[in-house]
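Think of it as A, B, C and D in the order they're written, each chain with its own count starting at 1.
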Amino acid sequence: MSVAWEQLLPWAVALPFVGAALTPVLAARSPRWTGPWAWGVVLATVAVTVGLVAHVAEAGAFTYAIGGWSGAYGIELRFDRFAAWVLPLSLLFAVIVPFSWRYVVVSLEPARWGAFYALLLLVMGGMIGFSITGDLFNLFVFMEVTSLSSYALVAVGGRGVAAWAALKYLFLGAVASLLALLGTALLFVLTGSLNLADVAARLGPDVARGPVLIAFAALVTSFLVKAAVFPLHVWLPDAHAIAPSPVSAVLSGLVVKTGIVGLVRVVQLFHAADAVPLAGFHLALAWLGAVSIVMGAFLAIFQDDLKLMLAYSTISNVGYIVLGFGLAAPYAAVGASVHVVNHALIKTTLFLAAGALIHQTGFRTLSDLRGVARAMPQTAAVMAIGAVSIVGLPPTAGFLCKWYIALGAFEADRAPFGFALVFGALFIFVYYIRMVNALYFQAPVHARVAEATEVPWSMRAPLLLLAASCLVLGLLGGAPLAFVEPAVAGVLPVGGP
Amino acid sequence: MGVVDPRPLLAPLISFACAGLVFAAGRNAFWRRFWSLSAAAVKLALVLSMLPGTLRGVVYTFDVVAFTPGIGIAFRADAYGMFFALVSSTLWTLTTIYAIGYMRGEPDRSRFFGFFALCVSTTVGVAFAENLLTFFLFYETLTICTYPLVVHAETPEALRAGRVYLTYTLIGGGFVLLGSVMAFDAAGTLTLAQPGILPADAGGATLATIFAALIVGFGVKAAIMPLHGWLPLAMVAPTPVSALLHAVAVVKVGAFGVTRVIYNVFGVELLQDLGFATPLAWLAAFTILAGSAIALTQDHLKRRLAYSTISQLSYIVLGAALLTPFAATAAILHVAHQAFAKITMFFVVGAIQRTTGKTRVSELAGIGARMPWSMAAFTIAALSFVGVPLFAGFVTKWYLSLGALQAGAGVFVGVMLVSSLLNAAYWFPIVHLAYFRRADGGDEGVHEAPPLLLVPILICAAYVLLLGLTTQVPGMPFSVAQVAVERAFAVPAVVP
Amino acid sequence: MAPFGVDLDYVAVAALFCIGLYMLVAKSNLLKKLLGLNVMETSVFAFIVTSGMVEGGDPPLLVAGAQPPFASPIPQAMVLTGIVVVVSVTAVALSLIVQIYAHYGTLEVDELKERP
Amino acid sequence: MKGWALALVVVVAATLAIGVQGLPTHDAPEAPIHDHVGARYVERGVEETGMRNLVGAVLLNYRGFDTMVEVVVIFTALAAVLALPRAGSVADAPEALPVSPVVLFVVRLLAPFIALFAIALLFRGHVSPGGGFQAGALFGALFVALGLVLGRRGAARLVPERARPWLQAAAPLTFAAVAALGWALTGSFLGFPQAPELHAVREAMALALEVAIAVGGGVILGSLFQTMEA
């Protein structure tokens, strides 16, 4: 029997939301079961998602009119290939949730378990909704679900520094959201519509340029803040470093990507409307990306705190993605899209492995963690694979992205960006090699590090699975490309490669 | 004639699987040795099984995955690749035996043997790479896999050497990537299966950038001066590593890359038009002489070997850069000749160090009497390097000189001669010390290296002899090199 | 309503936006910052909700006696949603501020920056 | 800091000043906002949704999905506050704060009227300004006021312990249930049946949503206040 997959699209969003709403109810009865419950919800959602993606791969993009109100008269979900490409990111929750079981049991009192898992589910639902909605205002509301739960997740760890980091994140995040709302409102006032496709169609040449430009700038700035592109990154390092490790993985790997998805959606809209000179914008984007790569790497070099280093590396990697889209060449856009997924995978791997090290030893700086590889060989190996991947050395997942983006730079006749990219990657390697050295080739300074034991299986299995994926995605990197190419074709002024 | 066959893929895969099994074996010495040795043997057999086909002109290919048209991972065992793969898998087998003896009692042996196998896996991968992307893939993996071997001792000195090594090689890797990307942008393909892919109309500046990027990138590993700085430092690694990696795998991969760039990316004809190869030839000539001159001043044995390596590698680069069939034959042949002779020397130096604790040239007085077999092997290798007729090194120099004349650059013949003199000047004193001086502490009688070290030494030395004496016998490296040269120049055999 | 060719509503909205922004950036007290954020948000809501007005229009309640033209219902629904969102954000921000105060004993950013 | 802030404000103000040039004049009936989607809602809203309050029609029917996510947002705020570290539990709180008799009297006097007004807003919402959110806000205010008077433990007794998590989740869950019902009846998620014989169902669905929003919103606002106090 064939399932009518298209009918299930809204449930990909509704399932995690309902699951989240029920988590505190369950927690009131038995907090112990909230973890498995959240995992079950994630798995059900993932099943729906994967089915939908497979369907799109086969049958192409489709729209779903909520409540039967099609077009601009209601809210439309639009499941195109780009959404189908980023949606499998929710798969990562299927490893992050079990990984966090142990963290939750050790670090949080049972009364908070339900809320913690509810927040994780809400982040996931918000992100899924964000990627599939076809409505500007709906985009904003979904973004708020994700952001709000992210702020709280940062603060879960403690009352002092964590709360302060979360509040900084909240202030900047709220301003960014407000800018998105302002842009939405302006576009609505100008066109009378909120549907992305409809707005694009109605932004004709007779619409005043000034407000359109402001709307564009507001939306783009908003998403650049969410994506933590330098110099709008200031909220990120503290928030991502101080959050509990599973949360850091979610934030760095996934939540930052909402900014990218939003950016792509905005560019799609304005490209279709042809209302803004996009060439200059693309160039600016490319510059921002290049600067992000270099500055993120530069700042990361000075960090001794493992997670802070990873946080800065996120800024670099977002730089790759932004640069890739900014180059506006088919290959570069393919590379950027691939990196959206790959970076999520790799950064999740790294943060979870870092979390495992911190969890077992109680130390979080490189100088304290020296020599931990002897005591925890598997976790350290995962960390090393993650490091090699994120630097973009073959044969790991990170390499292909670098290859494609560099190729795109030459294709677009912007060779300097190609040089910057290739050698920026070397810069990044400097701090990862410090990490590998510290973990593997230096003698332990703390007895607790030397005597640490491997993490329990509930944490180890996700780690090994993720590390294996980093390698496999690199070796079989071609398979997803068939998917991305048509996806980016819609993002670009030119056709696919 | 191309034949689809999985063997070019299987060859690197075997070492890869071996590495996994060795890591899994952990502290269990038996399984570690068992997997290392059997993988080495299986791989050697596999490569040898392709040899008859190669001599007939068969090319085995295997496509693994294509990302988009023109970009993918594919393997292809052509004559030159076969040549390189044969050398490395033969030497892997010998070095594994040697290393088992040498590393006795060292810590972290699983890590050592695991990464050792990975290095060989990637070397063979480079040899069989069908395109520049696959080449780069293995090239970079090799960098990563060598790093734990270089810093194996975990001393500050080793860590420093490791850092320098990575800095050099990764920047080199960056250049290779850059060159590959630009080459793809210009040519639309990266295949190494043709005599040149770059179109002549791609623009002089673009072609020059590509050439410079690729040559600098590969030149780092090939230790062309001034890109050689990492090699002497990396000698802190355990001797088997120095032997296999810094006489065979790492540096030869670089030299192999340079030749691939010249023959398969640019092609002889295009390079002759462009004239890019001439500066490279001069650089190589400079490296040959300067490397030898520095080697002369080194007292530390392994450092002297390192500078000698730098000098010898540039024979290959020079041979390739001369763009003539004879020189090409010399370049390809020297991959084998230098490898076997140099590894013999490294083995002997390691054996001396393990048996007597001596690491300097000045301490070697009378060593010939204590370790007669080892020193005999060393002498054979030294004679080969100097280029005494009937030894392997002579064949190289002969063809290289012929090639230089063919190219109308007789000055390089002079370089050959000076180099021979320098080689004699730094090898013969060692031989002299070993045989004609008495040890200060009085004669302690014969005290040879243990069999696990001695046997590989003798096999290698014997093979060096054989390479010189039976050059023309079918199945020896020369025949394979001929097939390879015919492909690159589209000319019939070049036997004078 | 449009002296000097500029709609006064827009001037008010822009002024509110800038006042809020200044509070958010310049004030050191966390609560004042939050208030500034709320002022900014209010300005955007004001912009949205006034955009739905129409000269002489009735509220969009189609009961007996109501006459067209009607104000557009969409901006009002949007603002309602927006207010709920902002309330939620404010609630979370206030909780965080409570936590910060409980831990550090201060609400001044200048002092917070000096503490580890 | 202040100098930078002023500079930023000036830049933003200048940008906005340029930006508003060319925006449609307020109050103009021919603005796009009135003639595209808005026009259809005015024209056919009552017939299509059965609600005379068009804001309600947009909120619950046309753009019901937004509202669903919106109640999830406020639920998120609750989960966020509940997930934060807490100093003490409700049980440790003092029985009642010292409250001035005036406040006590005023709150006690007004409480029933506030509740009544909230209920009126809720049930008159389809024909007059009002609806679930407005009622929920009032309920929330009522809980806050009572919490001030009764103390945390007293306020905690207002909502039964066992029912509380259900009530907090009421709005998202009801939305999901209504959406599923619509899915079953009309084939589209959150669809409201339009067939005349199903008008009663349609009204019931809308009413359920309004009540859930009011109750859930009110309880969450109260809980936020109670939890934050720690």
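For the reader, a short list of remarks on this structure follows.
As a working rule, a contact is a pair of C-beta atoms (placed from the backbone, for glycine too) under 8 Å apart; a residue touches a chain by one contact, two chains touch by 3 or more.
Note that the coordinates shown come from a computational prediction; the quantities given were computed from them, not determined experimentally.
Interface comparison, C-D versus A-C: the higher number of contacting C-beta pairs is recorded for C-D. Among the chains, the centre nearest to the mean of all shown protein C-alpha atoms is found for A.
When chain centres are set by their Cα atoms, the one at the greatest distance from chain C is B. Chain C and chain D, compared by their mean Cα positions, are separated by 16 Å. Taking the mean of the C-alpha atoms as each chain's centre, chain A and chain C sit 29 Å apart. The mean-CA centres of chain B and chain D are about 74 angstrom from one another, to the nearest whole unit. Inter-chain centre distance (chain A to chain B, centres taken as mean C-alpha positions): 44 Å. Multi-chain contact residues of chain C, defined as those touching 2 or more other chains: 51, 74-75, 81, 85, 88-89, 92, 96, 99, 102. The residues of chain B never reach two or more other chains; the list is empty. Chain contacts: chain D has residues 16, 20-21, 23, 31, 33-34, 37-38, 41, 63, 66, 70, 73, 76-77, 80-81, 84-85 touching two or more partner chains. Here, these are the chain pairs in contact: A-B, A-C, A-D, C-D. Here chain D touches chain A in the complex through residues 15-16, 18-24, 31-38, 40-41, 61-66, 68-70, 72-73, 75-77, 79-86, 89, 162, 164-166, 168-169, 172-173, 176, 179, 182-183, 186-192, going by the rule given at the top. Contact residues of chain B toward chain A in the complex are 65-68, 71-73, 133, 136-138, 140-141, 143-144, 148, 151, 154, 158-159, 162-163, 166, 170-171, 173-174, 177-178, 181-182, 184-185. Contact residues of chain A toward chain D in the complex are 7, 10-11, 14, 17-18, 20-22, 24-25, 27-28, 64-69, 72-75, 111-112, 114-116, 118-119, 122, 125, 129, 135, 137-138, 141-142, 144-145, 148-149, 151-153, 155-156, 158-159, 163, 186, 188-194, 202, 208-211, 213-214, 217. Residues 1-2, 4-6, 8-9, 12-13, 16-17, 20-21, 23, 25-29, 31, 33-34, 37-38, 41-42, 45-46, 52-55, 57-59, 63, 66-67, 70-71, 73-74, 76-77, 80-81, 84-85, 87, 127-129, 133, 217, 221, 224, 227-230 of chain D are the ones touching chain C in the complex.
Touching chain A in their complex are the following residues of chain C: 24, 30, 33, 37, 40-41, 44, 47-48, 51, 74-75, 78, 81-82, 85, 88-89, 92-93, 96-97, 99-100, 102-104, 112, 116.
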